[in-house]
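What follows is a group of structures, each given as structure tokens.
In the two complexes that follow, chain A is the common piece, with chain B as its partner first and chain C second.
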Partner chain A sequence: MLAALVTGIATGAVYAAVALAYNLMFSTSKVLSVTTGHLCMLGGVLGAWAMGNAHLPMPVALALAVAGGGLAGWITDVVAIRRVLARSDEHLWLLSTLALATMLQQAVGLWWGTEPKPFPRLLAQDFGAGLGDQKYWLPVVVAAAAALGLELFYRRTLYGKLFLAMSEDAFAARARGIPTDRIRSLSYVMAGMLGALAGFAAGQLTFAFFALGLTLTLNGFIALAVGGLGSNRGALAGGLALGLVNSLATYGLGGEYQQTISVGLLLLVLLLRPQGLFGVRALRPV
Partner chain B sequence: MGNGGRFARAAGIAFGLIVLASAAQAAPPPLRIGWLSSLTGALSSAAIAQNQGVQFAVDEINAAGGIAGRKIELLTYDTAGDPTKAVNFAKKLVFEDKVQFVIGPVNSGESLATVPILAKAGIPNLVIGALDELIDPHRYPLAFRAINTNRQWISPANDYALKVLKRSKVALIGDTSGYGTASTKAAAELLEKAGVKPVYSVLVDPNKTDLTDEMGKARAAGADVVMPWSAATGLLARVLNARGEAGWKVPVVGHPALMAPPIRKLLNKPEYWENAFAVGYVSTTYTADGKLPERTQALLSRIRQKLGTGELDLMFWWVALGYDTVHIVEHAVKAAGGTEPAAIQKVLEATHELKGVFATYSWSPTQHNGFPDHNTLMNLANTFHDGSFQAAPQQ
Partner chain C sequence: MLAGALFLIGLPLLAQDEYQLHLACLIGCYWILIAGLNLAVGYTGQLSIGHVGLLAIGAYVFAILAGRNGVNPYLALGAAGGMGGLCGLLLGLPSLRLPGFYFAMSTLAFALIVSELILAQGGLTGGGVGLAVPGFPKPVDTPAGFYCLVLAVSAVVSLLAWNVARHMWGRALIAVRDSAVAAAAVGVPLFRLKLTVFVFSGVTAGLAGALFASLQSYITPDTFVFDLGLFFFVCIIIGGRGSILGPFLGTVVLTVLPEAVAPLARLGNFFYGLLLLMVVLLLPEGIGRLVSVLRERFWPVRLESVAVAPDLPRLARALGHKQP
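Up next, the complex of A and B:
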């Protein structure tokens, strides 16, 4: 039972980090990119390659993985978002980001292979540490630090305030001279870096596996919807809730009910509290 | 141009046409074989290895003059493990490419979709998926299986756990994929037929990040053997890691993927792979003196250069199976004297003990599963070496 709780918290932290990356991109573009989970997958694969195959030291591998994630985030904006948003108000970004996510997954599959591969140990620790193993707590530390860092970024920095301004009203922000395209690009790069960092930290838990992206995209979205779109505290709470529900459902009922229960949780929250646990109900004056 | 020039040109054209016509008459049409292979995607490892065997057999046969003078034209389509793509390519092979045989698809899920289509089109199909439902001589009279059935994997594993290891408290762990669910159910049924009710049975997501709980529950239930039925190497490695980290000495007996080379790197410690046994094949098991069966060794010697330098890092049985499928086509076409489907069916249904590298095949009018039980055996999971394995101890 304790193992179920610890595993649930660890996987929940990964979902929370993906939800935070969703929030970053959503704040400036109102887009929920399907590539979000793939950015996380990329961090795991690049980190495993850099340390396991290229034998680079851990800090260099980390920098490489985060830079790779940032680049993938930027490509998401340039290829799948920029032109789509400029030309249409419809939700065509769903298709363009899905296409890019599929291409990214196929490319990684061709290059990296389709079997899960090991992620090297990041810190010197024996495998006998049980539930104190780094694979469980590293994702939790990264998710918590990312949530805290984003709060500080939004509150204390000029760029953070620009993100908030765009989140409130992108047209008004542009009218006040804010370079909205550049700010949106920056948010996608930051989301890519955050996703890759989470993937790197969770690599020992998930292995470096090319097909992980879509699962994380789905679970990150559920975490976001449960916690409340746009809320970083909500992303953390939603991720942890989803991880725990998944893990305890598997523990109690078996894995065949896991997906049903995850999606059931989403449905329940949408019915009872559509804005999510920490979301704010949008009021439109008429 | 004068009359002489016109005559020379006309003569040249006439000569060319005659040469072309006679060449066309001399060369019989190629034998077109469709090969549905998931060369990319999540299930590509086995397909890539099988493809090596298929290509090599085609090259060898063509170099020797073809089948009854007909060169083989191999049409390979990458289904990426996707049943929808497999269906589209199967239709293309039948209706556009006009193939005479189809080998594959590689995965049972894809085959479930393509076998009825090929049966309706009247094209002989060599099935290489293990799912039991793929073969039915009445509904799919031209579908012949060249690999074992799923039950031919499960039965020897059950026998090994119960009769050799003398265990009776079985914990079954399957994954939630269609294959994992069906296999775990079949394993439970076969165990119950043998008078053993599993003390613990669970299905888990193939990407579940930790199996500590499941292994803990199995242990608490009193299990004295753990039997995982999943083809997901990540999940199987996590079973072994959870067992190792708990210091539990219970044997693990199950699916062939339990001894797949990628598992080695996913284990926290190499010793976590000890005391694990997986279903394998006689054809890729070293004898007591460290040698492979004669036909396996002969193919390995011929194909080694194509598979790269150094030790093989793929399971050689997949290569052998791919190689055999083309030779089964050769046998059928030669014996039938052509590619007429009814004649091919008759020949294959009368085939008894056709010696291949992967196995020795026999089919009959009522039995289109050609793989014999005695071609499987249990391997020691951590003994992978150069594509093959050592046999599990029998006491």
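Up next, the complex of A and C:
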């Protein structure tokens, strides 16, 4: 039971981190990118390659993974978002990010192999630590630090305030002289770095696996929709709720119905509170 | 048009080996699903990436009824279509109320749930081991006969889809895709329309699943990976939204191309992703638009300038001035 709780909190933290990355990109572009989970996957795979195959020290591997995630985020913006946002068709960004996510996943699959590979130890710790093992608390620490850092960033820095301005009204922000394209690129790079950091920290829990991206995209989105789109507090709460429900259901019913139960949670919340737990009710788009 | 139909009917005579005929049957099965999905994706703009789940449901219903319980395959085919429609209804009822990205994600989740349930209910579906699927009785038991069955079903489905698309229904669907608010304002029953189209696409997916399973003769959960759903989706987008012929050509080309060019098969999804990205960025209207774009590029329509000389006396008369 305790093991199920700890596992639930740890996986929930990964989902919460993905939901935070979703939020970061959504704030400046109003786009929910399908590549979000793949950024996280990239962090895990790059970290495992750098530490396991290239035998680089941990900080270098971390820097490499984060840089790779940031690059992937930047590519998402340049390739899949920038040209598409200029047109007013709202479906196109879904298609372009889906295409990019597919390419990313398949490229990693061809390069890294389609088997999940173990992630090396990040910190020197005995394997006998049980539930105090680093693979359980590292994702939680990273997700909490990311949420706290984003909160400070939004409240204390000029760039954070620019993000907030763009999330309120991108046209008005542009009219006030904010370089909206550059700010959007910055937000995608930051989201990529955040996702990769989370994937790196959670690597020992999830393994370095190329198909992880799609699962994380879906589950991170469920966490986001449950918590409320655009709210970082909601992302944390939704992620934790999803992780706990998943692992307790696995504990009680066996692992076969995991996906069914997480979608059930999503439908339940959307029925009762369509805007999510911490979301703001949207106006009718007339 | 007539030549194309004659070619399709005469294909069993033209085909050099059974493999080509198998490929033609595969295209037919895919097309039965895509013809229905096209109405939902291409016309109505409901981006369902999880139709592979409905395909799997049709296939398993057919395999369980016809293979294990000995039901007449034609009845089982009908039951697979009905089950596909029912599951489409169950999926569509909650998810079609959601906006674009939410809908796409719920269909993705549906596809994952279906494969999860197939694995979990091993007693019924054979779990990871899979199920053997029977063929159809005489005279459809030969490859050529099966091809004719697939051709007949796909002809009926195409005809239905074409009839929906070119009449008032099709206009309403396009209106929903282009602006849901405007469509609702002119009296299109949004939700009912989307649901009807989605259920229709579920029925075609169920039929396609049954035929697909019979063609493969053995199905496991791995037959219905998510990538297959992506493939259907890419066929429609590449062919062009809001047309019937475009997605058909997309299906044919995308099925044949990896078979003909071996390196593409190795790249697999990467190739589909790249193709989708290029089409979305360069030709959002689909490959079908390429022809007219190229024509305008190389043979631009000359806009002739016509000098308009004003007929001043008549103008003056009209204004009531006296002639000087």
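Throughout what follows, the second predicted complex is superposed on the first by the 281 of 286 C-alpha atoms of A that agree within 3 Å, B and C clash if a C-alpha of one lies under 4 Å from a C-alpha of the other, contacts with A are read in each partner's own complex, and residues count from 1 in each chain.
The definition used in the following text is that a contact is a pair of C-beta atoms (placed from the backbone, for glycine too) under 8 Å apart; a residue touches a chain by one contact, two chains touch by 3 or more.
Since the structure is predicted, the reported quantities are computational estimates derived from the model, not experimental observations.
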Overlaying the two complexes on chain A, which is it for chain B and chain C: clash or fit?
clash
So, A:260: does it touch chain B (first), chain C (second), both, or neither?
second
Does chain B (first) or chain C (second) touch A:250, or do both, or does neither?
first
Which partner chains sit in contact with A:103 here, chain B, chain C, both or neither? Use first/second/both/neither.
second
If we overlay the two complexes on their shared chain A, which of chain B and chain C does A:83 touch? Say first, second, both or neither.
second
So, A:7: does it touch chain B (first), chain C (second), both, or neither?
first
Please pick the stretch of chain C from 39-47, 201-209 or 219-227 that overlaps chain B when the two structures are superposed.
219-227
Taking the contacts chain A makes with chain B in one complex and with chain C in the other, which residues are shared?
106, 110, 256, 258-259
Going by the contact rule set out above, which residues of chain A touch chain C in the complex?
32, 79-80, 83-84, 87, 89-92, 94-96, 98-103, 105-107, 110, 214, 218, 221-222, 225, 256-260, 262-263, 266-267, 270-271, 285-286
Inside the complex, what are the residues of chain B that reach chain A?
40-45, 175-176, 181, 202-205, 207-210, 212-213, 216, 233-234, 237, 241, 244-245, 260, 262, 265-266, 268-269
Residues on chain C engaged by chain A in the complex (per definition of touch)
45, 47, 49, 94, 98, 100-102, 104-106, 108-110, 112-113, 116-117, 119-120, 181, 226, 230, 237, 267-270, 272-274, 276-277, 280-281, 284
Could you please specify the touching residues of chain A with respect to chain B in the complex?
1, 3-4, 7, 10-11, 106, 109-110, 113-118, 127-128, 130-131, 205-207, 209-212, 215, 247, 250-251, 254-256, 258-259
